[in-house]
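Have a look at these structures, which come just after this line.
Okay, so chain A shows up in both of these, paired with chain B first and chain C after.
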Partner chain A sequence: MEILATFFNVGLVVATIRTTTPILLVALGGSFTTKAGIFNIGLEGQMLIAAFFAVIGSIWTGSSFGGLLIGVAAALAFALVYAVLVVSFRANEVVVGLALNILAGGMTISLMKAIFGTRGSVVGRGIVGLPKVQLPGARDILGPSYAQLISGYTPLVYVAFLSVPLLVLFYARTRLGLYLRVVGEKPEAAETLGISIARVRYIASLLCGLFAGLAGAHMSLGYITMFTENMSSGRGFMAVAILIFSAGDPLKVLLGCLLFGFADAFSLRLQILNFPSYLILAVPYAVALLALFALSWRTRPKLIRETLETMRNALAEKPQDSGGKLPADNRP
Partner chain B sequence: MDIAVQLQGITKRFDAFTANDRIDLSVRRGEIHAIIGENGAGKTTLMNVLFGLLQPDEGTISVNGKPLVVTSPAVAIAEGLGMVHQHFKLVPSLTVADNIFLGMEIRKRGLIDRKAQIEQARTLSRKFGLNVDPAERVAGLSVGIEQRIEILKVLARNARIIILDEPTAVLTPQESRDLFATLRSFVEDGMTVIFISHHLEEVMAVSDTITVLRDGRVVATRGKSELSKRELVRMMVGRDVSFDRRPRSPGSGRAVLSVSDLWARDDRRLPALKAVNLSVSAGEIVGIAGVAGNGQTELAEVLSGLRPASHGSALLHGKELLEHSPAEIRARGLAHVPGDRLARGVDGNATLSANMLMGRQRKQPYSRRGLIDWRAVDRETKALMQRFDIRARGPRDLASSLSGGNIQKVVLAREFTAGGDFLLIDQPTRGVDIGAQEAIHSEIMRQRADDKAILLISTQLDELAALADRILVMFEGRIMGEIDGAAMDEESIGLMMAGIDPVAAAEVQ
Partner chain C sequence: MISSLLPRNLRRTLAGQLLALAIALALGAVVILMIDENPLRVFATLMRGAFGDSEKIAGTLLQTTPILICGVAACIGLRGGMFNVGIEGQLFLGGFAAAWVGFSFALPPVLHVLVAVAAAVAAGAAWVSVPAYFRVRFGANEVVSTILANYVAVLLTSYFTIFLFKRPGGWSETPPILPSAYLPELFSFSRLNIGLLIGLALAVATALFFRFTTTGYAVTMVGSAPKFADYGGINVRRAGFGVLLASGAVGGLAGGVETLGVHHRFMEGFAPGFGFDGLIAALLANGSPIGTIFTALFFGALRAGSLLLEVDTTASREIITVIQALIILAVSADLLLRRKGDRTGGRRWKF
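Our next item is the complex of A and B:
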């Protein structure tokens, strides 16, 4: 029981919320492009570049907010390049996304070397982290031990979670949200009605860059104030995976991100039990993979379905007896 | 004379190809003006120019007497034009009302006002007698209703001149008749309808004035009363073509195919064929009529070994063909002209010779000792091209470079000369010019005269009326009934295509 208590407590919930935040932000960003019909695998790169420039910005301006702005601007620049290539020049979205991811990885490493003269990571050097927001009434209402559930996070945590209902409203009731969906689902319809597909996709790309930028800034200025080589560590890709099964639906995105965030937070707890650290680091990804597998089983590709069916038919003794299983009311 | 739309000298080129060549057209207000012509005659191009989707290279447009440069559909819409496209552009996940008001949403405090949209959509649909439920999602609605929504979309934008591009291609005869009644009521209301089609019957049925296009030029514009069907065809094709019932002599009557209690499922695992019984004898053409998607495709796939049946039997020359591979069934006498010629009929990226070779690559004289003799293949291909009148430069042309009609003739040439005596022919003239249609029909009749057993699947009733000895009507995977091809009446076939038993319907009346 004691072991369970050390695992499952308020702290775990708080940690889950923290670890969910960056992936939720970047996945919500990706929801714009997903809805608008762009398969954006450039999330990882946008997040990474934002994390790096947020650190630079906070050193340069001496304020975490300045860092945040510069990080977001960097991600927006990447998103703009992505949109120009994919929307205007109709380049392949996967190729462009991958190229920008690789560029972001290489660029942060070489800039780190050029500016700070180090490899690996940038710590200290006047990086200013984001402030913690203490909600005034929280301690009085919930008491000292539960107040941390809602109070004391960085502003971006609130932004991330509040964005979920806002996005639901955005897609359901606003004109831009509707156009995003239409452009993704039936671009011909949009075109004939005078809705500019290119414009809507640019907007989607830039909104995506904005959120990816926030996610990146949260990583480097949130709970740890440092930049490490490749510190997004696949979160952008995990967001892509979540987007595929959620189809960009904000509530499903939240669900997927919480699962990943929980696995992430839980794996940190597992370190107490002296598991090998590389196994522990793999836990969230393994959980996410399993979840995706379970969810996509129903919509598995036709090829797999047909192969299985053929195998089943080949193994069955009487191939024709499936006719007997037809619903009775379908028979004449 | 009150002219609603006037086009003068419209020319539109695509590289070296001139789709519209100095076209003059004037459409009077309050008429239904049909534009008729074969595929590739330039009908759709012309309408896209009028609607601002394409820019003409030469020529002027005026709408309601006012010269106009239609730079985009928005300009056309502002002038009261509306276009219902051939392929519907509806968003399946949105409601009917959302689709109608897409691009002109009704908003309250910045948010879309769904209630007001549904209310207005309902008012609109009542006013024009187009019955739809505005709150329903579009996904899963029938094409007839989808078309009503497209028309409502146009009406919601206050269109007074409505262009319809091949509106009846997807409708049952009854749905078409409803549509024509609606168009009539529009015209009585003072609106103008421009109607594109290549179906003679419906053009003769609904229009006031007819303009015939051929090879991008206007052949003639006449009042309907001045035209006969025969003249219209001659103008469209450039020569006399007959689609009357083909004369025939009785076949040998030897049973070739007999299908009993056949069941099969579609790709979504839902029953697509339900207790189908049919038989085809030598020297007989059995037609399968029905609106596309009522199990015809699945029937053809099961009989050709491309889809497993779930129950029943299909005997070809008295031997079971179910559970055999396509190659085995073909070896026993099946020749298959698939419905989707580009997907299953030919390989577009292969030469005509390679396409002719497919399925006979192990036979003399095409190959010897396991090596293909391409010279022999080319020679045979050339002979077939001549016999079937396939228009291409040579046997080494890519199949995809041919027109639809010629591609279809390639498929027919290969299948009809493969030696099979059961011909399964699915939609032989879909998207094929009238001239080529006639040639294909003649070839099918020749095969009948050769005592082959022919199962002809078609969604075009005039085709079945011209060719079939017996017509079976399919609806939702069942055979609804059988009609003698010589005594086909469109009314009862139409009812069966809509799932109504004409005998029962008569009893009710």
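Our next item is the complex of A and C:
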């Protein structure tokens, strides 16, 4: 029981919320492109470049907000290149996404060497982290040990979790949200209605860049204020996995992200028990893979589902049919 | 004239790729200016590092070998309409499997190499088999699943190396493999080995397979027109599974060649990025195995040259990954193609 108590406590919930935030932000960004019918594998690179430029920006401007803005601008630039190539030039989205990820990796390392003269990571040097928001009254209502559940996070944590209901409303109740869904689900219908598919997809891609930029800034200016080579370490790809089985639905995205946030936070705690760190580090990726495989089974293409259903019906009816017909057939 | 010797399609493709290359190099020059270096000096250093003398040329070919084999693996996938982005992971597991056979068993010379290579091939195929199964059976996106599998593969091999098979007193590496499992070297002055010849033979064999065999044609059809292939009576799922398995097997082979021929042990992070470089080389070659020989040589030269870049200039060697990414972006735009109507998002899938 004591072991259980060291694992499952308020701290784990708080850690889950923290680790969920970047992946939730980037996945919500990806939900725009997913809804608009673009398979965006370039989230990873947008996040990484934003994380790097957020660090640069916070050093240049001396404020975390300046860092946030410059990081988001970098991610938007990547999103724009992605949109130009995929929407206007109709390039293969997987190829462009992968190339932009590789570009982000190479560019951050090259610029880090050129600007800071180091390899590996940038620490200190006047990086200003995001402030922690202390909600007034949280301590009085929930008491000192539970106040940390809702208070004391960086602003982006609140932005991420509040964005979920906002996005639900956005898709259900706004014109742009409707356009996004039409363009993704029935481009022909959108064309007939006179909606500019290219413009909607540009908007989706840029909104995606905005959220990926926030996610990147949260990685390098949130709870750790540093930049490390390839520090996004596959979170963008996990977000894509979530997007595949959630189809971009904000609530399902939230559930998926909480699962990964929990896997992340839990695996960090496993280190207390002296599990080999390499296997622990692999846990979130393995969870992502398992979820992808398990849920792909459920969301099989409609055709296969229908075929299976008819087969099952046929099998279920067979005994009755044969029971009724056999005597008749045997009576020549 | 050359123009009359080459078929029109190939001419258009070549012209398009060369234009893309020129644009990418121009953009690369801008990036190099951004990091306060002289682009001409960087390109000259890259050339010198790649082709300066016979040792450097051998170094270039040494870097070309894994890129070429990974490139062939990617070509097989692309032809069958499968994006195997997991070549990196298959390379790591193949490399570890070959090393394990190399240091754990004592076998007669030639047999030892064959068994180790077979282990590498089997490991690569086994690693891709799960994503491949879920891809063809339930349509689980193979791009994402193989990318995620990469991370697991790298961490898993690190775990094997450091926790289970660490060489006593050494860094994060396994014990060296026995000399009987070494791939024969080609020259005395370099670690260049017959892996290069294996890669070349593989590329040619793959090209011939797709050009002249019924199965090869069937796979190409599955990749380019799955509905037509299905209508023609080809089992699309089995073909897709086979394509991914073959691609993974070749990816594993690349890792085996790298450990048996170059490092003679498995080290943590022994072949960073070769899988991705191979995929990029295959994309630049438009999925053609013969074309991949040349693009792999180009990327091998960039890699070999980047080693000198780190010594002679202040630029970091990752600048070459920037150049590679720019090349792919420029190629993907396919600037020479005239785009017609159909704005409803019917996207060109190049392969």
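FYI, the second predicted complex is superposed on the first by the 298 of 332 C-alpha atoms of A that agree within 3 Å, B and C clash if a C-alpha of one lies under 4 Å from a C-alpha of the other, contacts with A are read in each partner's own complex, and residues count from 1 in each chain.
FYI, a contact is a pair of C-beta atoms (placed from the backbone, for glycine too) under 8 Å apart; a residue touches a chain by one contact, two chains touch by 3 or more.
Here the structure is a predicted model, which is why all the values come from computation and not from measurement.
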item	value
Contacts of A:Glu188 with chain B and chain C, given as first, second, both or neither	both
Which partner, chain B or chain C, touches more chain A residues	C
Touching partner for A:Val159 - first (chain B), second (chain C), both, neither	neither
Partner chain in contact with A:Glu93 - chain B first, chain C second, else both or neither	second
Touched partner set for A:Met107, first chain B, second chain C, both or neither	second
First, second, both or neither for A:Leu281, with chain B first and chain C second	second
Contacts of A:Thr174 with chain B and chain C, given as first, second, both or neither	first
Partner chain(s) touched by A:Leu289 [first = chain B, second = chain C, both, neither]	second
Chain C-contacting residues of chain A that also contact chain B	188, 190-191
Complex contacts: residues of chain C adjacent to chain A	31, 34-37, 83, 85, 130-131, 134, 138-141, 143-145, 147-149, 151-152, 155-156, 158-159, 162-163, 276, 279-280, 283, 314-316, 318-322, 324-326, 328-329, 332-335, 339, 343-345, 347-350
Chain A-facing residues of chain B, complex	53, 72-74, 77, 83, 85, 87, 89-94, 98-99, 102-103, 105, 107, 110-112, 114, 263, 267, 271, 274-275, 308-312, 322-323, 478
Complex contacts: residues of chain A adjacent to chain C	37, 39, 41, 81, 85-86, 89-96, 98-100, 102-103, 105-107, 109-114, 119, 183, 187-188, 190-191, 197-198, 201, 233-234, 237-238, 240-241, 244, 276, 278-279, 281-282, 285-286, 288-289, 292-293, 296-297, 300-301
In the complex, chain A residues that touch chain B	169, 173-175, 178, 181-182, 185-186, 188-195, 302, 313, 319-320, 322-324, 326, 330-332
